[in-house]
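One structure is given here, and the rest of the page talks about it.
Labels for the chains are A, B, C, D and E, by order of writing; each one numbers its residues from 1.
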Amino acid sequence: MMLIDLAANALASGAALGSIYALLAMGLAITFGLLHVPNVAHPAIVVAGAYAVALANGYGADPLLAALLLTVPFYVLGLGFYTFYSRAFELRGRGNSLQSLTLFFGVALVIEIGLVIAFGTDLRSVSVPYVGQSLSVGFVTLPYRFLVPALVTPAVILALWLYLTRTHGGLALRAVAHDERALSISGIDPSSVKRHAFGLATALAVLAGAALIITGPVDPFTDRSLLGRVFAVVVLAGLGSIPGTLVAAVLIGVAEAFVTTFVSPSWAPGVAFAILLGTLGLRPSGLFGASR
Amino acid sequence: MKINRREFAVLGAGVSAGLAMPAIWTGARAQGQPIRVGCSVSLTGALASTKNSLIGYELWRDDVNAAGGLLGRKVELVVYDDQSSPAAVPGIYSKLVDVDKVDLLFSPYGANLTATVMPLAKQRDRIIIGILTLASNDRLKHDKFFQAAPWGPNGAEDWARGFFDLAIANKLQRIAIIAADTEFSKTAAAGGKRVSEAAGLKVVMNQVYPPTLNDFSAILRNLKAAEPEAVFLCSYPPDSTAMVRGLSEIGVGESVKLFGGGMVGPQYASLLQTLGPALNGIVNFHLYVPEPTLKFQGIEGFLTRYQAIAKERQVDPLGFYIPPFCYAAGQMLSEAVKATGTLEEAKLAQWLHGNPVETIVGKIAFNELGDWTERRVLMAQFRNIAGNDLEQFRQAGKQVVLDPPALKSGDLVPFAKARA
Amino acid sequence: MMRTGTFATIAVLLGAAGFLLPQVVANPYYFYAGYVVLQYIVIATGWNILGGYAGYINFGTSAFFGAGVYTSAYLMQAFEAPLVVQIVAAALVGVALGVATGYLTLRIQGVYFSIATLALVVVLETVVHNTEALGGASGLTTIGPPPPAWFKGQTQYVFCVMLVLALLAVVIARWIETSWLGRGFRAIRASEPAAESCGVPTLRMKLIACAISGGIIAAAGAPYPSYAYHVEPVSAFGLLIALNALAMPLIGGTRSWMGPVIGAVLLGTIQQVATVTISSEYNILAVGLLLIAFVVAAPEGLLGLLSAVRGGVRWSAKPARKPA
Amino acid sequence: MTAPLLSVRQVEKTFGALRALGPVELDLRPGERLGLIGPNGSGKTTLINCIAGLLVPTAGAIVYAGEDVTRRPAHKRARMGIARSFQIPRPFTGMTVLENLFVPLDYLGRGAGDARARAEGVLRSMRLDGRRDAPVESLSQLELRKLELARALVTEPRLLIADEAMAGLADSEIDEILSLLLDLNRTGVAVIMIEHIMHAVMRFSERVICLETGRIIAEGTPQSIVEDPHVQRVYFGEQQNRP
Amino acid sequence: MNNRIVLERVSAGYGAVTVLHDVSLEVREGELVALLGMNGNGKSTLLNCILGFVRPTSGRILMEWGGRVTDLTAMRPHDIVNLGIGAVPEGRRLVPTLSVEDNLSLAGGVRRGRGSPAETLAFCYETFPILRERRRQAAGTLSGGQQQMLAIARALMTAPRFMVVDEPSVGLAPIVVDQVIDAVKQLQTARGMTILMAEQSFFQAVEVAARAYVLSHGRIIRTVEQGRELADGEEIRRTMMGMA
């Protein structure tokens, strides 16, 4: 009885946690998964998003609502970011992963320090009425602090799915990952599609930032502890698979929750990556990836 | 790709110039008259939230200089950023000692960073003031180390002893110990376990978790099942927040009368403000709270000045936790220099071992390891916190001191009752 | 490429100079700072054997470095093993870890490989956190026997040890570069199918590259306990090591042994100097901007920039022939 | 009739649901000059990748010099004397021309002592000796093609697979490569030439095989291939009478 | 009105290789012109020059339409397409993971001010009923011939004035080759489309084309006007096969 209780709760909180991981990784699933740009600065952008949300929350705005509005400036920021990136690399017909990695590492450092200079180093958080309360269903109790951001993910995925399947821009985005020339032939500028994709990923980062800061406080260096996990999620999912991202993230979240509950919390971070290593060894293209 | 010898020589010359640069740069500065006091502060990286210690040092320097300096010389600080990285610390302290020729040293913040300085301090036989380090001198037994934190003579075991004393005094039997997987927390947890066992308490749960954990549901469920009467938690700011939220979300069960102890985080304004009423009932360690029993000389003036600067620099606006002790660390040095009239470190150390120092955090006497002879860590209970207004934390009665008995401003209210 | 005679002379002279240095330079600070720069020479050189020559980008340098740190710290604690033994053992552990990583390359390539190495860091760090014998999160205090009197101090001693390691690493890298091994690695980097068709056993070669690279990086970690007297997981497995390991060869140039050395000396020195001069958040900001600037302005590293400035067309393809 | 140097026995290769090749049956005599033609996507490259060892056939066997090499990795086949050039030249970047030739010499170990002499000899015979120390990044298309062949030849293979070794070259350059290949063939090396430049294949080959959609549709002398109705259909389409 | 596409002394190549030497040709409104030659002789490069994927090293490509002359030489591919040049490229370049209809709406969704996408879609389905039947199916799962038809339909969705078709018959079974080439011919006869088609299937192409250019080693070695092909066929064939 006790065991079932614990397992059910572990499953619930693991799934919620995983859902949040998926949101954190979603932007990366687009930039890295679809565009193959290894944007290691993504977690830093998420943290920057969290700060922007906290700032808005200081004026009384609901974090999620604020994030929704902030997606617009972040989208524009992403456009600029990609323009810089493509000027630096792609248009000159060079740039290997080592170089883009180093570039984005540099960008991540600049963002971190930018936040320190602008906001100081103290932990930031948001205040919302539902923090500190939980939903109880039977013997399963789930804090709203996790539940609310966790519910954002399915909504975002649904929106993203509708966008990708029902709109012209979405079709173009799916096509650019596969074949840029197919787009040119359809009369669409592939580089503007990629720029748009980057803007979208950056806009998603601010939603992820809101989710992150609702779950707990954030400081300018929080991105460092997120980096490994979000890459793990994207790779485990198989590059570019949006629903796969959710499944992989939930898998990691649930695995962590079970290890936390039944083994020891201190093994949890390693276990997620052990799953990743194992998957890469056995099925290199990820769980949902097509063959390479 | 070819590089001929000439180009290699040019590269080499550039590199040597680079290496020599700090020497040229600081060589010129070292000609000055002031007494130089050096240390590293974590301005960036994981410990960057401790960078408000700088204000403590600066206010001390300003006060000393305003009073005419030491031995007729101005005091000057030499501070470097250690980026919260222990690997950077040995180089920085060698720079301070060997190049900048500082006269006196403070340690970096905390035990992990300080661990890499202690051998150097001992080899060079230098005075070093420990900044909130724990058990840093237990192994080397350096006779010129002095602690600027009130952990007491047996810090590793005793710094949170007040919590267990409270448990014993209130006849609580079953205790749970939960600690973040970091140096400070684990040391505290291990000490707590020994104290509990020595006092005949029953440890019903003893768990370590990774510092990145932000969902405590599973731990709290296991905790409820263990039915402890006291829960000793050693955590860091992000996980302290998560745990306090978990208390409201999941709860800990009816059995718990005493909760907290070793949480780092609810000393800082940002968390106090964030958590607000969710803190009620928690009994946690602190180094200073504005209770009437803690009217040390100069502390209030210090805090007023600190708070003005902190607002401008976007650091912790309250400054109860670290900065007063940085100021006090400076006072230890300046008092010793004033009393002995010298900068000779042997004499300063001898004086500090022999004479108590009056500081803004109280009167301090040192034992042979440089620790305080008396433990003065506060166990304070959050009470009557309403809303998220920061100002309330500057008032008395919000963090009631339960231990040590000498500074006591109230008695324990059982956890559930205090939250109700 | 430098002639072997010149190279050997310079190497021997540098080695000798290093050992005489403690007698000449009294100020220990230069040995502290120099140690860090030398450590990065070893790390960047080791990284470049896999990343630069064979083209497999290792994100997880800190896993190898940390393995080296902990191997030697453990041997020091448990058996009071001398430093030489610690270094050899650390290198062997690094080789073993390299071979294990190498098996991954048999199945995965490109970014997948890089991410897998990233995962390796987290897994190892978790293991250390949970191993009581390695001190867990508190780490181990590692104070060994006093160094030989000649060196005048511990720091001078570990500096000289690191100098020897750096020279060894560079000698190995240079030997690899000019030998069949290096040609095989570079062939793999250029094209695995073409390399196979030229008889290069690519799978075995990748294992070898991983093993050598891992051994060298782990060896770079071995003297750390003797340098810092205290090891704990956060700095042993720190992000900075991994970041520098790939930034330094990139800044210097990945194609020749000299690139990582130049990059490590340059970036390592800048970081050391910045730590004690700028010494604020602007320090990290400067490093970040430097990385961006280099990637944008000199993506083939300083050596690439140098030869481009000097040789002009040498590395670029000839312009297309004018049509008749 | 001598024993074949190479036998491709009922080889098939599928990628997922797509059958790229086969079944194909083919024998090659030592020293033979075989032309392999067919439109894009007809399976030529898949076939030679199976022969060279970069792909493992889904079914069938490849026997080389009397040994079944179906599952042997490419580098081991290279050691047995199978050399190939690539359709898109794949020089080992970051090395000089001479160093490129050292790679096969290093790993296939033909006369380690006089490796340098051998390499220089091959470069001379290819008229590449002037570019010996040039980085491969600076080579022209013709020089890259020659380097590709030189690298294949430096270890004295018994079978050379030349995959579109003349694509993108001018007529005089094509002649130059052709005469190099003929010289080589005279020393007893069998050559499989995959080529779209028809006059080159037809001049060079003793026998031509035409592949379409993964199967051999015609085989014979160049003359008979040109006249073969299947081949004509593949290349020129159906000749219909206008209504 | 003299609507046409003109190539004036175009040379182009990749890196050190020159693939096209000084090629000049024209396609007038309403014509179907064939570009013949074996693989590797520069047909695709020429078409890619028109489409902007390959930039000529010298020469110009002009579109004269409605009294306006546009120089296509330095334009980007999507701008060229939106100008009214539809493309059925080498290798078809469909997006295999998208459905048939999504592939079509991708091309139809750009505002160009010519034709209505809905009408064009209806026309495509009418012309290729099999595409309507399979409109929800992923493009990658279609047969080769169906994919080719989809590629043609997609080009139609860009509301072109002029179409560039690269080897529509490649890799297709003989019967399907006829179907595809007939479909291209239909576009010309029924819709009055102007078409430049590269083809290897010599006879089929010559039969439907008003004019055929034979490309060898990047040069036009011969221009065949319709009706003369039978006399010259054998000779051209032998030249192309390298037996002349």
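Quick note on the criterion: a contact is a pair of C-beta atoms (placed from the backbone, for glycine too) under 8 Å apart; a residue touches a chain by one contact, two chains touch by 3 or more.
Only a predicted model underlies this, so the values are computations on that prediction, with no experimental measurement involved.
Following the contact convention of this document, C is the list of chains adjacent to both chain A and chain B.
Of all chains in the assembly, those touching chain B and also chain C are A. For chain C, the chain whose average C-alpha position is most distant is E. Chain centres computed from CA atoms place B at the largest separation from chain D. The pair with more inter-chain C-beta contacts, choosing from A-E and A-C, is A-C.
Rounded to a whole number, the gap between the C-alpha centres of chain D and chain E is 32 angstrom.
Look at where the CA atoms of chain A average out and do the same for chain D: the two points lie 48 Å apart. We define each chain's centre as the mean of its Cα atoms; on that basis chain C and chain D are separated by 42 Å. Multi-chain contact residues of chain E (touching two or more other chains) are listed as 13, 15-17. Looking at chain D, residues 140 sit in touch with two or more other chains. Residue positions 126, 129, 255, 281, 284, 317-318, 321 of chain C each touch two or more of the other chains. On chain B, the positions that touch chain A within their shared complex are 43-46, 48-49, 51, 181, 207-210, 212-215, 217-219, 221-222, 225, 237-238, 241-242, 245-246, 248-250, 265, 268-271, 274, 278, 313-316, 388. Chain E contributes residues 51-53, 76-79, 81-82, 87, 89, 93-98, 102, 105-107, 109-110, 112, 154-155, 157-158 to its touches with chain A in the complex. For chain A in complex with chain C, the touching residues are 32, 36, 38, 88, 94-95, 97-103, 105-110, 112-114, 116-117, 224, 227-228, 231-232, 235, 239, 264, 266-267, 269-274, 276-277, 280-281, 284. Residues 13-17, 19, 38-41, 169-171, 173-174, 177-178, 181, 199-205, 207, 217, 233, 237-238, 240-244 of chain E are the ones that touch chain D when the two sit in their complex.
Partner chain B is touched in their complex by these residues of chain A: 2, 5-6, 9-10, 13, 16-17, 113, 116, 119-125, 127, 131-134, 141-146, 215-217, 219-221, 225, 257, 260-261, 264-266, 268-269.
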